[in-house]
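Presented sequentially are two complexes of chain A, the first with chain B as partner and the second with chain C.
This part shows the complex of A and B:
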């Protein structure tokens, strides 16, 4: 007869063992302290200046956190383009033909913009996500709702709306011989996008339901081009070379149906100066944002910038998971406690007392795993619950902007941090059972988890190598903390060093779980077979 | 008509244990039983296989052959094993940073026991207030007491102690001897190992003498002493050399056992007196010998060449079984 409570007796005994050695409890407290303290080191050590040069050229010393515009969900966005527009009241549509699409960029990264010749030093070429197309937008502010059908530098025609949604339309690039007809229709909250190669056969790309769209919207043609960026990757890290770029779209056959009042306006159109700054308008090199009439029913529009989601770049921008960069420090402390709690039994011969008290050895290992896993989970939870608000407060006090993360992602980030500590503790217990020596066990687990993590995120390795480390080693588990999203419609350096892991959060955690499970199985087998 | 009840199984049954560590046979057919209500001494030189046998009994080491049963059950099948057998293998096996009381507490928790039982065994151990101190600061004697307290946690019918006298002062040795006799008096089976027979003097009721991994003798202490004493004569004389020559010529085997003392085998008291008188050798006293337990032990093992080899091997091998 197996009494069902005997396993819980063992769990209770293992908890008594753990809590009655002061050094281990100190170690676990240290895990929480390190997680918080290491997270605060970064923002505390940075000395970002509060002085900003405002638009009049004067230096202001007022400190306030400014960030990129945000959409209705809180997602940071870029909302800059050259937009030639008019007002549409209620339902209606806009149709236009894009007959040419070209661009320029600065391959050398560009210097300070030359006010007299913004295209000085630029060479011809579009960026992959340079955009020219038609747009229906709530014109009230940056980050407002919109829907667009647009041609891109190398991704064909797309329908995009509200920054994060992207659907492919006709492939291929735009030439005079192969123009693109684009159409958006509004019926209430629903905006439908179409494209056509000839203006007679139309294909629906998709429909957007924009609940936030007011009755009066702005419709028109736009052009935008995100910065040229090239990442040079090598041992010792990667460097990103960026420079401004421009895109020019030539439209004709522009037709607006529905109640549309007033004339067209835009930079250089309708009395507006070039470089007009406003929602949907370009803020790039001032003179680059320009539009001109193209015949009776067309415009040539040149713009830079992008209408797309934005993620944290370098400098003062912080991601939500940045508050948990100290996790690796807490992890080291947990690994040491977990490993030593086992190897010290071997060192002192206490393992024989433990095994005599529990001749079913698998249960002893399981009880230890339950206690170490649960305790480490709680430590991780407490550490993360302290670190997230604390580090964020420090970042705010240093005028750093913390990027938005959804509540779900933040909960996952905190629970995931606790899970990393818990699974790593079980992993360390298993390795300690296998090697039976404290120093060897601690070194092995740190080499397995912490070393690849540091190599991957510290810009030491080329991005490719870093990604493989973040995919194959137990360090993949740190993906569970990632809240920043890689956007397919935004070119950026999505590397572990920038906080982007190749595996999804739970898949990354599963990699660590797999390592822990294999080590546990070996430890279980050895513990049962070996003489004590 | 009346159902014949099978005799209860021995408290500990060790049956044909064999175990090799590399080229060395640590256990070479070890077999013996331990009965309830007695203190059984488990005696042999270091390296004779005592600790290995105890580890096999506790399921810590797996034998190559044979088995060990506690009350007829293998250790691995025991539920809450400390209620069946309490053991002290290595008094030094303690986490130094943990207090002695907390050591007993986790062990109690593992058996579903609580604080109350811990207080009871602490009371019996005589450790008193020291129980709250860290085990790392304990003397060897205190560790032995703590280890015995741990062995008694489950109030087991069988108690097994490996070298409990090691490192104890005379008072401690006296305490353990009394405690073991008390436990046996309560009807428990007590198996206590030692490499020094003298430690078991006046304490053990039964002896299992082992050498080189097997049992050399399995006997009651009273029988052993009676047998060893038999036919031996102690002679006190100032003329040792002449007496030795005369007695050897007279057919006796003579051993020097003191500055003016000889022990003679093979001759009766009367024969010794006659031979000495015939040779004109002066002597102060001739008496029949009453063997000590130690002598009985040496006597028992004297003729065992194999055993001597084991002794020699142990003495030259510093990495013996004392852990």
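This part shows the complex of A and C:
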């Protein structure tokens, strides 16, 4: 008789109990409704200003969802630099020597730009990811394919391509005594980057396979410098103090091999005005985007901006996980139902009947866990699968820009939300079995999961403490909803308050699973040892 | 009139006896005090002010534990009402005391008094710990914190005790509406904790401000603000006023439903 049949009978019995109590079905329906409805608060409580005043002084209401430029994969990018370039047809190479690299920035956030002196109020210094180097680019658009070998402010020489790829080359900074030789060669779709300290011994840094690169590409030298940023955190979030910055690279011994036509062009070179704005050109302190000939075979290039991936900043732009903020409401409803499914048996004395019918008490707990986990998973899955596209549609209709999230990340976000609800239900069931008081169990589980989240993302606690909370407490599970990516080659505040969790998505969910498993083991033991 | 006063005194006495003789009450009060002090001390020991204008509010840092302590207070207050419904005792209570709103008022007074005791133990202890810890973490005169023990700090402390009392009253009101302990605790903690989470995704400044002004927890905790008061959505006492409206609104609703529904 001790067969799997009897366990599945028990599961069916628990399912019958769950579905025949009206209050619990209301609770589960409420979980789904809250998950979807609260998610709508984001787009409904936000607005994007889309009225523009045209030249006649009339306000036009044409809205365009523009957002930042994107690369071929849909990833948002920054694509601004000062680029002195010429056209290369087919295979070839470019070599240059970077003899000096310096920068300026506004430590106080920068005042209004002064067109006559764009560097007014700036102090000397490079940003960690200020860039100067050589570039091969499909020059036609913002976000187009490229490969570059470049020196950085404090991360040595790097080879970077297509915004998201970054490989380290020679370490150390550039000085007159220690210049850096940089080389890129193109053979078909493959672009290989090299660096050298002396121009004779070359080291390969890496190779980039750029599919669909046209035959004619732009090659040349460039400089860019991302904004200077200091992050301050205080109650209710963090604020970022930013200011413009500039980087200046001095190149000589520039040599292009292969079929290169036309002369050099760039801001201040080849008839273009300084501060030229267009694909690949600086838009920041535009007047500072300037290049000048440096001897017969060199240029001095000054630029700001960056060629790098971009993430959601402050403002009306949305990241995809915002659509699942309603999870917190659904979570509370599921926790209440899960706790009640055990404590109401104790209250009514039904537990003695249940245990008489199923004397192997562990099986009763297991059957409850299976039913609650499965039901919560389905509720979460349906709710999240409705919430994500619905919220996105409302955001689009209100002309808000939603940051790119890959299909895989969106599926993981939806399944992860269902898993959070399921594991939280089992956690609440276990705690309710241990304390046998519905109110205390509900409070304990809510405080364990949601309070650390609030402390980590919206309280006075510093980023370091917030990261530990997001590692060690059940709130780590919300990492499974994260779609924003921290980029090592972009300086930003990657803190839980800004949506960046210290653990990977599934590792974060595993932390919650671990809490639930420990609570379940204790509940299992106590249920067997205590009188009912 | 004297009959009402006498009846209320009897109701108070009955409720006090019930609350006092339930084993859970003492444990919950101890838990509320320990959690409040524990989280406050942890916060005061972690937060540092790294320079002038760091923007940290020493009172909010030192009294952060109220965020956790309020959950235990909610459980205590909900149980005072919900357990009687759970056991069916409420019918006996109403048979002995047919004026149901008097029963509710007596429960509210007793729970508020017990919560005030917990608050008076937990909040000053947290504040004193913060006064000892914070000057070592950059909350110094050089960074713009001349004195930490100011009238504003005193107001933040007194306000935090009142905050906990109002949370207890809100919980009594919700429990008399929903009549189920677990669902009531879920609702109260949802009201408290969901607003700050949801406020994050509301990026429109006006709506965000409105959300923080309406949220019982965010508005109520404005009473802890001691710096940058001009930039706060509500003044400290206005904020506590919003929470008072929530608490008495729920109590009134609960009392009305008590009269209308069968027990």
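As a convention for this text, the second predicted complex is superposed on the first by the 514 of 532 C-alpha atoms of A that agree within 3 Å, B and C clash if a C-alpha of one lies under 4 Å from a C-alpha of the other, contacts with A are read in each partner's own complex, and residues count from 1 in each chain.
Rule of thumb we're sticking to: a residue touches a chain if its C-beta (ideal position, glycine included) is under 8 Å from a C-beta of that chain, and two chains touch if they have at least 3 such contacts.
Just so it is clear, the model here is predicted, and its values are computed rather than measured.
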>> If we overlay the two complexes on their shared chain A, which of chain B and chain C does A:405 touch? Say first, second, both or neither.
In response: neither
> Taking the superposition as given, does A:45 touch the first partner, chain B, the second, chain C, both, or neither?
Replying inline: second
>> For A:328, using the defined touch cut-off, is the partner it touches chain B, chain C, both, or neither? Pick first, second, both or neither.
In response: second
>> Per the contact definition in the header, classify A:342: touching chain B only (first), chain C only (second), both, or neither.
In response: neither
> Counting only touches as set out at the top, which of chain B and chain C does A:460 meet: first, second, both, neither?
Replying inline: second
> Which touches a greater number of chain A residues, chain B or chain C?
Replying inline: C
> Do any residues of chain A touch both chain B and chain C, and if so, which are they?
Replying inline: 23
> Within the complex, which stretch of chain A touches chain B?
Replying inline: 1-3, 5-6, 9-10, 12-14, 16-17, 20-23, 344-345, 348-350, 352-360, 531-532
>> Residue numbers of chain A touching chain C in their complex, please.
In response: 23, 27, 38, 41-42, 45-47, 232, 234-237, 314-316, 318, 322, 325, 328-329, 332-333, 335-336, 339-340, 343, 347, 437-443, 446-447, 450-451, 453-455, 457-462, 464-465
> Which positions of chain C touch chain A when the two form their complex?
Replying inline: 24, 43, 46-48, 54-57, 60-61, 64, 67-68, 71-72, 74-75, 78-79, 82, 86-87, 180-186, 189-190, 193-194, 196-204, 207-208, 211-212
> For chain B, which residues count as touching chain A in their complex?
Replying inline: 55, 58-62, 75-82, 87, 89-90, 92-99, 102-103, 105-107, 109-112, 150, 323
